[in-house]
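Each of the two complexes below includes chain A, the first together with chain B, the second together with chain C.
Then we have the complex of A and B:
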């Protein structure tokens, strides 16, 4: 079960990631539906997940933050969001998000992303937040548009996914474009 | 292992006991709570691993020679034990965890240390912050033989400013825009209390 809520929205909250949640995340990270969108190609077993948990999740080094997305009326997680690659003094960082295909709900994803961007800008004083999606991932790009991201550039044939090279679109939102939610 | 009370007020209402590993769930719940962490300026999600690592760090003398102690503020609350309320040993003295207080950066040469505390929002407004702080201040002067205790409070944290003033701490200065919170820079207030100024009779 996820830890306590760290930042709350109307329909979802961001919770700390606990060791018991690794099974949920392992299921998601191996799911082709999620992997292709996220451009993950690594098979994840218990060992790789534990290593990831110890190295990246349980560190408070200021370089990022990871959360489980939990609907406010439920106890179990429906997704995961991550702020990573925080650079100083440039003060930007990248976000990524994925939601359980079984619970696929664009509103959850949008609000979870808003909560994470708000955390990054309002609490960590980032000036710019970046998000990258594959060019064909319309659902993900729709989420970014709703949150207020702007398309920044296309990285041509940047990734190899499901048998072909695909373009990656880099989006970003700046501190003064973020109205706060 | 049962936790042991370290120090308590004369009326037995509030006490301090050393923080134990078993308190991890209590700490985790509070330090991630938006209402608690905002004024502590905690911006990191802290899962059980992180909270336990901090427990190790604040248990006596750390590897880098830093001395500090973490206490759980406990209270004798009536409603606290719920179903166990009839249990004769459930409500004996201050046993319900209501907050946390720490003393760290203990410097025996200069006789100084820093303190900091939070109270579980379920128990706000009952005087546990000043009474818990009074116990730790008394520990600092009477048992550690220190001469000065200090703390920093962010400008929006009025509740903590009132606590420090009630205990007789002097508002010594302002570190301007030292803290970034809720999209803006805020001042940090420095409070200090000297041993010769300390009179905790009202709180102990």
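Then we have the complex of A and C:
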């Protein structure tokens, strides 16, 4: 069960990630439906997930922030969002998100991404937030458009996924484009 | 004085970095005329130079060379291939030349050598390079080498009190073969 709510929206809230949630996240990260979209190609077992949890999530290095996405009318998580690769002094960071294929719901993803971008810009004083998707991932690109991201560039044949070289589209939103939500 | 040549070209060669070269590297990595172009805002002392050296030596995801002109013994700059991803077959390059000898084609010569290394020895499929939009010298080098502009990363760097846009270039292996 996820930890306390950290940032609340209308239909979902972002909650802290607890050790008990690693089983949920391990299932998602190994799922081909998710990992092809994320361009992950390494299997994650209990041990690698624990190391990731200790190194990446629990260490307060002041860089990123990771959350579980929990619908306000439920107790169990439906997805995960991450702010990572925070760079100073340029003050930008990248966001990534994935939602349980069983609970695929674009509205959850959109609001969770909005909450994370709000956290980055309004709480962490980032100037810019970046998000990348594979070019064929229409659902993810639709989420970014709704949140207010702009396409920056197409990175040609940037990733090798499921036997093919695929383009990656890099999007960004600047602090003065962020309406606040 | 750098160790033996690892990659040789007509105008310059690339040499592995030795511990004795760290003073040279540290001097210029801290030089405002060099580091502003690289958008580096952190000072590098001897300890950090040593750590960077250790990382390049041990870690398969990055590699650094000294650029030495064909008619000289001393290095004039550094070229680094970093963020090497063997699964996706990508890597990014970055180079600097000492301010005194910029404009002599050493960056171009060094970049040609590292492209050959990336494609012909490391079997990478794609090499990336980024430059500040207003760094005309760097962009001229990348254009001359036949790299393609992928797009503009808005406000990607903060240098000299302002946000600056960055251009991302790339070359695919099949484009390198076309020359």
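By our rule, the second predicted complex is superposed on the first by the 181 of 181 C-alpha atoms of A that agree within 3 Å, B and C clash if a C-alpha of one lies under 4 Å from a C-alpha of the other, contacts with A are read in each partner's own complex, and residues count from 1 in each chain.
Heads up, the rule we're going with is that a contact is a pair of C-beta atoms (placed from the backbone, for glycine too) under 8 Å apart; a residue touches a chain by one contact, two chains touch by 3 or more.
Every value quoted in this text rests on a predicted model; they were computed, and no experiment measured them.
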item	value
Touching partner for A:170 - first (chain B), second (chain C), both, neither	second
Comparing the two partners chain B and chain C, which touches a greater set of residues in chain A	B
First (chain B), second (chain C), both or neither touched by A:90	second
Touching partner for A:144 - first (chain B), second (chain C), both, neither	neither
Partner chain in contact with A:7 - chain B first, chain C second, else both or neither	first
Which superposed partner A:122 touches (first chain B, second chain C, both, neither)	first
Which of chain B and chain C A:28 touches, first, second, both or neither	neither
Partner chain(s) touched by A:41 [first = chain B, second = chain C, both, neither]	second
Contacts of A:159 with chain B and chain C, given as first, second, both or neither	second
Partner chain B, residues of chain A touching it in the complex	3-8, 14-19, 53-54, 57-60, 62, 65-67, 119, 121-125, 180
Residue ranges of chain A touching chain C (in the complex, touch as defined)	39, 41, 89-92, 127-128, 150, 152-160, 165, 170, 172, 174
Chain C residues within the chain A interface of the complex	39, 41, 87-90, 125-126, 148, 150-158, 163, 168, 170, 172
List of chain B residues in touch with chain A within their complex	28-29, 32-34, 37, 43-50, 53, 180-183
